[in-house]
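What follows are several structures.
You will see chain A twice below: alongside chain B first, and alongside chain C after that.
And now, the complex of A and B:
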């Protein structure tokens, strides 16, 4: 009875529950592996010279070979090979200098040849790893996810299912046919969904850095399949997961489903399951699994590579995201982990930051902490508040530098400068003008002591004291922090044109506190 | 002339389609119907492609156009699978050598062989995967040349088994074959198996100043032949021995070549024919809206279906290692054994020559003469498979081979000369010389 009720619970749980803190049970260790397909950013397809394109009219970007016309043959496009090799080098895989292509056979309407050209028996790269760190968001200090192999292969076409009254059929678009992909397969090293989440994020970012793949799951440029098993049981493959959150939810659901089966005394069967948004659903079991009848391609020659290629690619390799993060955390940048992470995951922002830092700190002697604060907290914050993605061309670098310099020179207070940035953001054309002129025009220039009339000063402060009686009371009771609040109010009232210290002294005097 | 003759010989069923007109200033040529042409359909003698017109044409057609005019597309065994030109959606082609009988003309390039033998064209293109040019040439009393694998472009040639498929030339004499070969002997970047320019520059090296050649006779070829075949082979060897040395040689793996071939070729075929689903082109069953099993069942003939099933079996995960992979390894070993027999280097495999080896090999092309359609049909399908036993070794090894007629007692018997990879022009020369000894 008790057992049954436990089971009932595990099956009736809504998916929302899985979004709560997830803890794998010690008696059922989770084992997870990933297969990630990434479309390579090449101008042309893998074995033909038709263009790769993703928003063109259906069936407009196809060659005779892509449509599998009789008598056509594949010719390897070296652009794809170069990107694939770059991925292998970035992942620390060992490159196979003599890899071969195989045909994987299955019938599908959007698979025009009846087979996909892939690398089953002898892939171009094996081994390698991705390191995950605590700072990336996993619970362990560090974790290595090992890579089994990477293969170069063709994408398939697309089927579009149409259902009209009384009729249903598929439309086939071959534009995606023969677009180059790399398929990266990891060992089953993941023991927690958080690790999967972090891995996907890091892998996407790495490929973006190397300019290999756009890394977008939403557009299908990157596709993730997952293998899930518990306690050495049979593997279940999860497919059709279109977002990272779908991947994570599916793993969590599948983990609980498998435990439910084992606790009921049933075996987990080897099968392929999909994700319907709430639960995993059977697509096919091992019994009806396809025999792909892999065959070495009889007409494609092996990809023979010179042994110098790996060294050459290593030498040309840009910094990895991990290296970038390290550098941002250390001198001269000394950014916080949070800010450094934000920059590491946004290449446009990172480039903007580096230029900003270089010019403002190195050329104008601005405090090294300032560029990060202004860019991430002020400018990026403004973009976010306006629900816009960061655009490096929106506020010219020179405007932001002049603004920081004006603050540094005490020409404008920090407070007024922030106001001005909002103004510039909303009135882009003002960025074309001389910044100090703009500051003068809007009366935002910091006033010198001589310019501040003491009567006015006293009047402003008294007005605030009158409005903020509660704070005044607490200050008088000894909570001196309240002073900062009053100063803030005063700054706001005077648009930051008067120095905070001047207000502080005035308040102290008026309230008679030390 | 050629067109009128072709029309008058319609009863032989040589062509699947004829040109409406041809240029009078160019030499007429017939093209096997698995080579893509833009003006005429390319059906591969299959119902699956019975209405198919290619939007592009094969490289070989591009190369010939300035001197040759295509008379028509010739009948064949469907997709090249067969040795009789009876496995055709368009019915069998009859052998012109026997005007009063219904005999097969061999295959799969039977239509091309018949077009030459009937005197419609002086030369025709075929394809040779296991003997499909040489065997019909032998049965129809003409010459059939299969060059070194990769020397003639396969772009636009519909694949049966690409690791073996070779465009071949059927002709009435060596001169016309050499003329066509010279035009087609070009690197093609569109064909991934086309041999490179640098490699080609090393081909056809001189066989030394000594005109006396060593002609090898592989002992594995000594089989139970039709008496006239044995006689022709013997006569020819005797004639050659006047000026050259005849040497017995052995290529032991030849005995395994039928098994290798019927493991590898159907596997490749089952893969290549996966594309005929009727979705983008070709025949489609009307009732077949969601699937294409019916399209494929109706589109292919029995022989093609047999080979697809056999090929899929050979590639299935249970038999891949035991069948396909073993056959592939044996094929590599066979190439080595051939390399050890020749006194010429193999520039394709990189093997050194055997100083004591031979220049060429001489064997019969077929075990007998063309059977009647009745007799042929009465035999089992596996008997048909053995018809290529003498031609398959050169296909697996990728070496050039030619079948030429040797007249004995009023019958034209096909004999086969084989040479080292890349030795094609020398092979044509020795063929010319050998044929001149047939007096």
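And now, the complex of A and C:
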């Protein structure tokens, strides 16, 4: 079931109870499988064309069908089908050309039809896999997580249980009713929580790349349920996990709970448990599991697809995140794994980088290492320091290219260019001006040898020598690394307008060291 | 589905239709009176309890025998329906629909339009006009729906 619980959601308040290095015990191998529901990024619902919405006033985005008014019938939103097919192709699943819809019955206020339309007997996709690599954060060199099946289905509404003195009732909002979802079910291939964490991250990113789902757990656009068992015993399903850390903490807790039962001589029973932020709690056992009375939906014809559709979809698919990462690690980008990973997980940043690289390197002959350094270490670092997400429109591409070009042309030192970037960040309007004029106006232009007055140079160096006597003493004792510190001080004092080599030579002369 | 084309044959002459519907081949009653159905033998008070739980309804215990008899009739009827050989019909039905191409899928996405007569457009109807009770735009379901 995909109904949202009224149990208090944990979100970021999930305590980090199990941060200690987790190691499954050899005598109790852990087996996990995931069921992930993802909302498809279409503006319309699955079997009606009312709008999908987040944070709208309750019951404002519902059609007659969504509210299950008698006489209404479902009509499939073809965009949901297209997005679902793209997901199957991206995951390497085998698309069922003759899939059908079924009704899954259960009685609840947030499901006005009394059943959910899903794909029980003939899901639209089976098989497929996601590869995890050591570089993603798992201990093995590589691991394949196999996919059991993917089905297309509708979401339920939301219900909020209210209990006041003397009465109890539920508030029902049907805005989410009939929102299109795909449910992806993996085989129980996970043997460590780290693999689950990496998988969720990669799956989210893949769906974002393909523009299939926003991938946000926090908004409920993606919801994860986990099956946990030990030593091949009965499996326990964990629900109501609203963040990745809740998923991981719940698996670790459940693993220890099941071992505890076995060691006491008790059996692990097949049941569904929730996560209250500290421990897993029983929701229902196998005995009171619901009988869903599945039946083929007589109001929906089978989805009959042409033989060519999968090949055609494959041909127009964008690169997967793994392919993008590979390309960033290779020529001409040659980024470090760390930088390439940062770009792979931020699509806006990746697009900005690619344009920056293309224009600066190919059109202006900038060193290929420079765009990555300036974008990831300087600009992205500035966003982080200001506690802001990266915004590609904040510093225009052309400003950053002109800045890199000015450094390459020796018009401004690297040191001053970094200062200037901070200035541009804090004074966005300055990005509209000619960059070299701004550099001149703030006196940041690198001075030529002829422009540097030797008296002033000596005066600056002597002042620093006077202020930094401890460093000077260590230099004289032979620790010449201290010279770099003095040069840095001098660069700061002159805002980087004088070349570092000029200062180094002057300090060596004044201190009489080689 | 709107993008699937249903094939319709030639209309039948009226006389043929009249003859067809006035000729008695079977009677509904027969379908309810099948002598033996193993599934019917299993229907008891427990079955009714389970169904009531699933449907969220209640029913007086002393009326159970009536409900059991009615349910048995329905099951007999369904058993008869299940006994019909539908293999041939299925293969015909599968051919009634055109297979969807990527081009067809994309064009149906472009051409789809919200229909106010289905309440799909904003403000085409007021969902709160139907219930007798609501709270800040929410429907209210009483007697609690406490999650398990």
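The rule is short, and it goes like this: the second predicted complex is superposed on the first by the 490 of 514 C-alpha atoms of A that agree within 3 Å, B and C clash if a C-alpha of one lies under 4 Å from a C-alpha of the other, contacts with A are read in each partner's own complex, and residues count from 1 in each chain.
Following the convention adopted for this analysis, a contact is a pair of C-beta atoms (placed from the backbone, for glycine too) under 8 Å apart; a residue touches a chain by one contact, two chains touch by 3 or more.
Quick caveat: nothing in here was measured; it's all calculated off a predicted structure.
A.B. asks: Fit or clash for chain B plus chain C once both are placed on chain A?
C.D. replies: Aligned on chain A, chain B and chain C clash with each other.
A.B. asks: For A:50 in the superposed arrangement: first (chain B), second (chain C), both or neither?
C.D. replies: Only chain C; A:50 stays clear of chain B.
A.B. asks: Touch check for A:75: first (chain B), second (chain C), both, or neither?
C.D. replies: The answer is both, since A:75 touches chain B and chain C.
A.B. asks: Scan A:171 for contacts with chain B and chain C and give back first, second, both or neither.
C.D. replies: Touch status of A:171: second partner only.
A.B. asks: Tell me which partner touches more residues of chain A in the superposed arrangement, chain B or chain C.
C.D. replies: Touching more of chain A: C.
A.B. asks: In the overlay, answer first, second, both or neither for which of chain B and chain C A:109 touches.
C.D. replies: A:109 sits against chain B and chain C alike.
A.B. asks: Using the touch definition from the top, say if A:63 reaches chain B (first), chain C (second), both or neither.
C.D. replies: second
A.B. asks: Quick one: is A:159 in contact with chain B, with chain C, with both, or with neither? Answer first, second, both or neither.
C.D. replies: Only chain C is touched by A:159; chain B is not.
A.B. asks: According to the stated criteria, A:309 is in contact with first (chain B), second (chain C), both, or neither; which is it?
C.D. replies: The answer is second: A:309 touches chain C but not chain B.
A.B. asks: Figure out whether A:135 sits in contact with chain B (first) or chain C (second), or with both, or with neither.
C.D. replies: The answer is neither, since A:135 touches no partner chain.
A.B. asks: For A:300, using the defined touch cut-off, is the partner it touches chain B, chain C, both, or neither? Pick first, second, both or neither.
C.D. replies: The answer is both, since A:300 touches chain B and chain C.
A.B. asks: Take the contacts of chain A with chain B and those with chain C, and give the residues found in both.
C.D. replies: 64, 67, 69, 72, 75-76, 105, 107, 109, 114, 169, 172, 291, 293, 300-301
A.B. asks: Going by the contact rule set out above, which residues of chain A touch chain B in the complex?
C.D. replies: Spelled out, the residues of chain A in touch with chain B are 64, 67-76, 103, 105, 107, 109, 112-115, 169, 172, 291, 293-296, 298-301.
A.B. asks: Of all residues in chain A, which touch chain C in the complex?
C.D. replies: It is residues 3, 5-7, 44, 48-51, 57-65, 67, 69, 72, 75-79, 81-82, 97-98, 105-109, 114, 159-161, 163, 167-174, 283-284, 288, 290-291, 293, 300-309, 312-313 of chain A that touch chain C.
A.B. asks: Give the list of chain C residues in touch with chain A in this complex.
C.D. replies: Spelled out, the residues of chain C in touch with chain A are 1-4, 50, 54-56, 94, 97-102, 105-106, 108-109, 112-115, 118-120, 122, 125, 127-128, 130, 135-148.
A.B. asks: Inside the complex, what are the residues of chain B that reach chain A?
C.D. replies: 35-36, 42, 44, 49, 52, 54-56, 58, 154-159, 161-163, 189-193, 267-268, 270-271, 273-275, 277, 279-281, 289-290, 292, 312, 315-317, 320, 324, 328
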